[in-house]
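See structure below.
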Amino acid sequence: MSAAPGNELRIIGFLCNWCSYGGADTAGVGRMTQPTDLRIIRVPCSGRIDPLFVLKALVNGADGVLVSGCHPRDCHYAEGNFYARRRLEVLKRFLQVLGIDERRFEYTWVSASEGQRWQEVVQKFTERIHELGPAPKITPDQMAMAETMAAQPR
Amino acid sequence: MAAKYLKKENLVSWLQTLAKERLTLVPRREGDAVVFRPFAPGQDIPLDQQATTPPKAAVFPQCEPLLAFKYAKDPENPGKVGVQVKEKLGDTPSVVVGCRPCDARGFLTFDRVYDSDRASDLNYLTRRRNTLFATLACDEPASTCFCNWVGSGPADAEGSDILMVPVEGGFVLEPVTEAGEKLMEQAPLEDAGDKAALAEAVKENAAKALGEAPDLSQAREKLLSLFDNMDFWEGVSAKCISCGACTYLCPTCYCFNITDEQSGAEGVRLRTWDNCMSYLFTMEASGHNPRPTKAHRLKNRVGHKFSYYPDIHDGHIACCGCGRCIKSCPSSVDIRQIVLQAIAASAASE
Amino acid sequence: MPKKSKNQEARNPYLPAIGTIIETIQETPTIKTFRVVLDDKDEMERFTFQPGQVGQLSAFGVGEATFVINSSPTRMDYLQFSVMRAGEVTAKLHALSTGDQVGVRAPLGNWFPYEELKGKDIVFIGGGIGMAPLRTLLLYMLDNRKDYGKITLLYGARTPQDMAFQYELPEWLEREDLDATLTIDVEAEGWEHSVGLIPNVLLEMAPSAENCAAITCGPPIMIKFTLQALQKLGFQDDQIITTLEKRMKCGVGICGRCNIGTKYVCVDGPVFTYAQLKTLPNEL
Amino acid sequence: MKIGVFICHCGSNIAGTVDVAKVAEEVGKLPDVAYSTDTMYACSEPGQEGIIQAIKDHNLDGVVVASCTPRMHEPTFRRTVERAGLNRYMFEMANIREHVSWIGKDKESNTQKAVDLASIAVAKLTQDRPLIAKKFGVNKRVMVIGGGVAGIQAALDCADGGLEVVLVEKTATIGGKMAKLDKTFPTVDCSSCILGPKMVDVAQHPNITLYANAEVDSVKGYVGNFEVAVKKKATYVDWTACTGCGLCTEKCPSKKATDYFNEKIATTTAISIAFPQAIPKKASIDPEYCIKITKDKCGVCEKLCPTKAIRYDMQDETVIEPVGAIIAATGYDLFDYTRYGEYGGGRYPDVITSLQYERILSASGPMAGHIKRPSDGKEPKNVVFVQCVGSRDKSVDRPYCSGFCCMYTAKQAIQTKDHLPDSQTYVFYMDIRAPGKMYDEFTRRAMEEYGARYIRGRVAMIYPKGDKYIVRGADTLAGTQVEVEADLVVLAVGAEAAKGASNLAEKLRISYDKYGFYMESHVKLRPVETNTAGVFLAGSCQGPKDIPSSVAQGSAAASKVLGLFSKDELESDPQVASVDIKRCVGCGKCIETCPFGAIEETDFRGEPKANVIETVCQGCGVCTSTCPQGAIQLQHFTDNQILAEVNALCQQPLVTSFE
Amino acid sequence: MELLDQLKEKIKERLPELDVVIGWEQGFDPLHATPLFMRTEEDVDRLVFSPLCVHNLASHLTGLKGKKVGIVVKGCDSRSVVELLQEKLLVREDVTVFGLPCTGVVSLKKIKHALGGLDKVASAEFNGNELKVSAAGAARVLPLNEIAADKCGRCQYHNALLSDVFVGAPVEAAAEDNYADVEAFQAKSPQEQAAYWRDAMQRCLRCYACRNACPMCVCRDHCVAQSREPHWMTQQDTVQEKWFFQMIHALHLAGRCTECGECERACPVGIPLLLLKRKINKEIKELFDYQAGTKIDATPPLLSFKVEEENINERGW
């Protein structure tokens, strides 16, 4: 699918159904204007988010990935976000060695009532991704160039 | 054309000439490995030892599209979706320079299967016809080499287009095929002169260094007779970890998998190397697996190379003796030992 | 470097013909039948196959799977495939309906020795989806009825709902020139035919082995006990014919996974006599 | 697959900033989309009929509606597709209103975003499988936790409705906070006169089993089939023998035991009955003060007891109660006013809480209904009421209004005047919250008929001066500093979540807000439901409530339970985890992480495998993201379904394109 | 030698009650040891132990489920056994651990660099802290510390952490691991890092030796790398796919990897895979003060949580 028109970047959000997706709804109900880059994927719980989904999106060329769940201690499923918190923190730090700018991934907690907070999160994260610009892509052309470079004597 | 001499320092200029017309694949050091990559000027070309990976991918890539497909909608009736398919053949003229006789010979094992009375694999054959081999003869065998066991040798020219014999200061190039001869015409060559005799000596010494080869002709029946002896196979496969290092580094392993991938309305049917040591190789949708353990799978791998394949293909062993499976096996499984043990074990049980 | 292909036709063995589904039949909760016509009219007209040969059906984007062509070469209005839902490809195929297109690579493999069977009595023993390969030969023989002796059919399924080809069972049961018996594993309401496991029912039926061939296909456990039953009834190994199933990819003997020793099920099979199977290494 | 896509205008809500026709056209190009259109109101009757018609006309096997949030209308549309013969899970929704049209200004960007969101929904739908709910039986017993007025009401309503009820009360008697009150506003009628009969009904109702002095230990199971372990705390008195005659309490020599019922303004005996109308009317021993238990002396009660009910060696006992639903009615506790150092922090004996004042006012209380200062027993003249102690105060993290303090303060001012006609009352208040029926009139009466002087402003400080107290505060209406000399100061302490409420919430797997009040399922529309099926709320555990509201909620919760139990079988949500037995290696990691204990190890041909107890699984998917080989998949949110969504947004180019 | 004799004796003592004991024997050339599966006393006589015994034999344990298995372990190997036991992937009663003290094993890659190749090794002999090798007609003496595996330089557990039979005198030393290698790599810019992995992954063959050699990769036959349900990866040979697999591998090992380095050792094309796992381990250590494979009764940190995490900031915006 083609990227969006204009200068939009591809930002993917994974939101838990009970809190953050509701928070995004609340922001919508409150007509809280947000940048349009973000595309939200709804999951039942932040605990459902395998860090690999985030990596998959980044490897596939997403410019930014945002995860949001219920605030710790507020999980609809009691413990899901506690697991998520550990996994996502480890993931964030893992990026530091993969050559993926860790700022392209963020996780946060937004409750269903925090429409304004959601607006701020989207605003800030989108701004950050625009500051970083489009993620470097691995294209066949680039690979060919890398190959030639690598063939130089070391 | 007779044998000619190519000075070491002229190798690069020859490669440059070749690279203008053909994708020219030469060994290159990458990390701890030596792999075949497109020649680039200024690169170091490690020819002193066998490359880590064979040039198998030049003809049989790790992954290639067998066909592409596309779903197209009937504009009048969006509920009706048609599909079109297209074959995808790779026909880039290529040449591999600096592979070993075993590497080039490996494709002969492919040829018998990929071009038979039953079927002709056009994807393979198109590449095969467009790929030439300028093979470097071996001057000294490695501890893992056993090409002489499988009917070959360090200067075997079968499967190659040019044989390059390393001598002091350069290579003696012997044309093997017409196409090879043409390639040689593009090289800044000198008359071989007394280098020809040196080359013969190199060949002789190398052959001698390999020592006596055991007789594997009985392996065909012996391996079959051991088919139901699972104790034997469990014993020899115990240290195997069922990975694909042996098969993917093997110049003769030709098995593959076919999978589809789709993105939007378009997709490809991919052919990828497959590994008979994998549990999934024979796993059926029902959950039944005729080769459920690594013992079953190693039995098939060894059996296929030294028994079933020779049985169908005039006694040709589906192994070129390059030794990579031994050298690169994380557990140092030694296929030579298994074959010898099989011969010995079945002899003992008789 | 081979210059010329040994295979003179040299058509791309991996390139499927495109066919359109003209009809689907939900045979059982897990089996769906597809009737397919190749889009290229000439190709469809030229298309020939032998009873027992298989084809690879493509659901593009998911992959291919092998099914026997269970229509008869004597009735070439369409090619029929019956698909039991097991893995990803079959699930995708089940989602298809009339008008959808599929890829077809067929015919592949060997076939039932129908010529050699001429003049003999035939006993068909099918279990579950194993009835599909038998159907093609049964239809062929019914269409060439005079060439064969007494034809007996024993078809069993777990429950009445699991019985495929219900649309033609009444005809088979009624035909004078076919002795058809249906059986299910355990008693069920409204079931008027036999009840019992196939090997047991077979022993009760006790067909004579003399000048007879038994053709059987079904789940492994059924085959195992059916073989024992047939042997009890005096059938020799070369009188028993079955068809095998293996994980296949290329279908033309190259990709290397469906072999049993030296034999490749996709090209040397899928039809084997029990005598032939016995010469193969034990790796079913 | 043949998918139908319906892009909703929602009037101009969506169509105003999204080119819906364009979205329909773009999404219609996807290979699996057989029909794509825009519709004015997808959720309206004609909108739904349009979907049903399209399913039939185009032989669709799945539907995508791009409209508002699925949290609103997903159930609506699921029913719609079901009416057309599709499985209800062959439906996906794209939220192009809350997430697109209402928050983005640029029509072009919004349109593209709507296309993307609808495409994600299509991609997910191609991976969807029909799911079928399983049915399971219901145990038609209900447990009510908490024996305050809300719990009593819920228990009685359920019991009258024919259900077996287990009522669990933490203290030795039911009645809760209401039983401690002297009078109730705005009628100033006797609290125990109206509550007493209900308490007796509980004791006598054949359908109610009462566990007083008991607490919930653990909760297992799921709606329709809970197993609650109730810990009956040792009372050291065999209640089956005790007749509540009270002989023991008269003779008990240990008289310094804490009197919780009287809010600690008096002491009681080590063996006691909370109050004369207690239900159950049984004695219990406070082991901390019992001379026999602490020093192995005395034993007077044992000797005296006519029914030989005393058991000094009694242990806590746990009983398992299988029930099908649970009503939490655990009430509230009072804010700990000692946190206000400026009000003496608990050091001034004549600065008391409003509930202590209730006990002073009560004829059955320790002062027999005579208002006396705790310090010297003198009748006070000036009584100062301070409102919002622990309410509407961010500095003590209690920003919320406790709701009922304004009313009971007015009531207490009136009662003060009734008891002590010469007294003068002052009320420091912030705002008067009196929105109920007859409430505002009532506070007016306090001011106008009973002469209570209302001063609008916070009290800054209370300090002793001689045997009196100076209450210093601001009068924000007059704009002056005020100092009032008080004989007695009554603090209108706010309500906060009951102690241990969060602990119980975790056992019940319900959520609670940051103050510990339980979260209802929907603030407006599902006020007594929780997000855990089969667990309901009543009374102040959900937030501070006055008596009529608590009673109403008790009845509401009871009606929900009666409604739930009107079916013999319930349907389980099929969006639960499911194990691919072929892929499971039996490592048990999912068992370890499941928050609900919904996964157990089973044996499959000698191999350990995970098995999901479908009715216990809540569908969070933690297991799915735990399992490395993807053997356990949350249905409707499988890896492949989510990956399809990711790939719809960004996918690597294929190695070869068709052209 | 004495150690080896003792070990053989102990194994022979326990052999009757065991189905098999896993150790090492001499491989196809003097530098290669190879796993040995001992079923008879004669098999035990082939046992060797030297710095060439690089394999972590614990990788074979889960494949022998249901059998009574003895296993010879070095300190690092024992951590894998501990981790497997902790994750209940092994039954304690079924495993007999023969623990050894270890002063380090070699890196064949380093020897290869020193010799210029491993193809023609004629003899190899350890003499104190030196390896004497003759190859291609020339003799070389290599100090052990120059050819020791990287993991040995930072080894904190020279002695088997768990053993039913411990043979030999425990090694006293224990190094600190400051993850200097990880730090050094992290100092590169994201672009440099990405380029590094892109180049390395390009030669990946997808042979899955890294996975199959890993003692903790217990999914193996059911690995998501090749499954269609779930369909995490395509079979395309793009750098992205190969790289993504390594991300899967590393994340699935988060809090479980005992850093035996078998993934990296097994890789036929020499991709430095351990770095990825070490990075995660470094973070796991910092976040949860946890080291995999050191305690049988611990819970892996990603399978547990704390309501209040000490080292994770709540990430407010």
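A, B, C, D and E are the chain letters, set down in written order, and residue numbers restart from 1 in every chain.
Note that a residue touches a chain if its C-beta (ideal position, glycine included) is under 8 Å from a C-beta of that chain, and two chains touch if they have at least 3 such contacts.
Owing to the predicted nature of the structure, the values given are computational and were not obtained by experimental measurement.
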- Chain centres computed over CA atoms; the one at greatest distance from subunit B is chain D
- Query: When the contacting C-beta pairs are counted for A-D and for A-E, which pair yields the higher total?
  - Reply: A-D
- Min distance from chain CA centroid to global CA centroid: chain A
- Message: Roughly how far is subunit C from subunit D, centre to centre by C-alpha average, rounded to an integer in Å?
- Response: 63
- Task: Quick one: report the Å distance separating subunit B from subunit D, using the average Cα coordinate of each chain.
- Result: 70
- Item | Distance between chain centroids, defined by C-alpha means - subunit A, subunit B (Å) | 44
- Message: Taking the mean of the C-alpha atoms as each chain's centre, how many Å separate subunit A from subunit C?
- Response: 51
- Multi-chain contacts in subunit E, i.e. residues touching at least two other chains, fall at 199, 202, 228-229, 232, 234, 236-238, 240
- Query: Listing for subunit A: what residues touch at least two other chains?
  - Reply: 1, 51, 56, 59-60, 79, 83, 87, 147, 150
- Residues of subunit B engaged with two or more neighbouring chains: 30, 63, 69, 71, 79, 81, 84, 257, 259, 261, 264, 267, 270
- Note on the structure: Residue set of subunit D touching subunit C in the complex reads 1-2, 59, 61
- Query: Where on subunit E is subunit A touching in the complex?
  - Reply: 182, 185-186, 188, 190-199, 202, 232, 238-240, 243-244, 247-248, 250-251, 254-255, 275-276, 279-280, 283-284, 287-288, 301-302, 305-307, 309, 312, 314-317
- Task: Can you check the complex and tell me which residues of subunit C touch subunit D?
- Result: 95, 97
- Write out the stretch or stretches of subunit C touching subunit B in their complex. 1-3, 5-7, 9-10, 12-16, 18, 58, 60-65, 86-87, 89-90, 99-101, 103, 220, 245-247, 249-250, 252-262, 267, 281-284
- Which residues of subunit E touch subunit D in the complex? 87-89, 218-219, 222-224, 227, 229-232, 234, 236-238, 240-241, 252, 299, 303-304
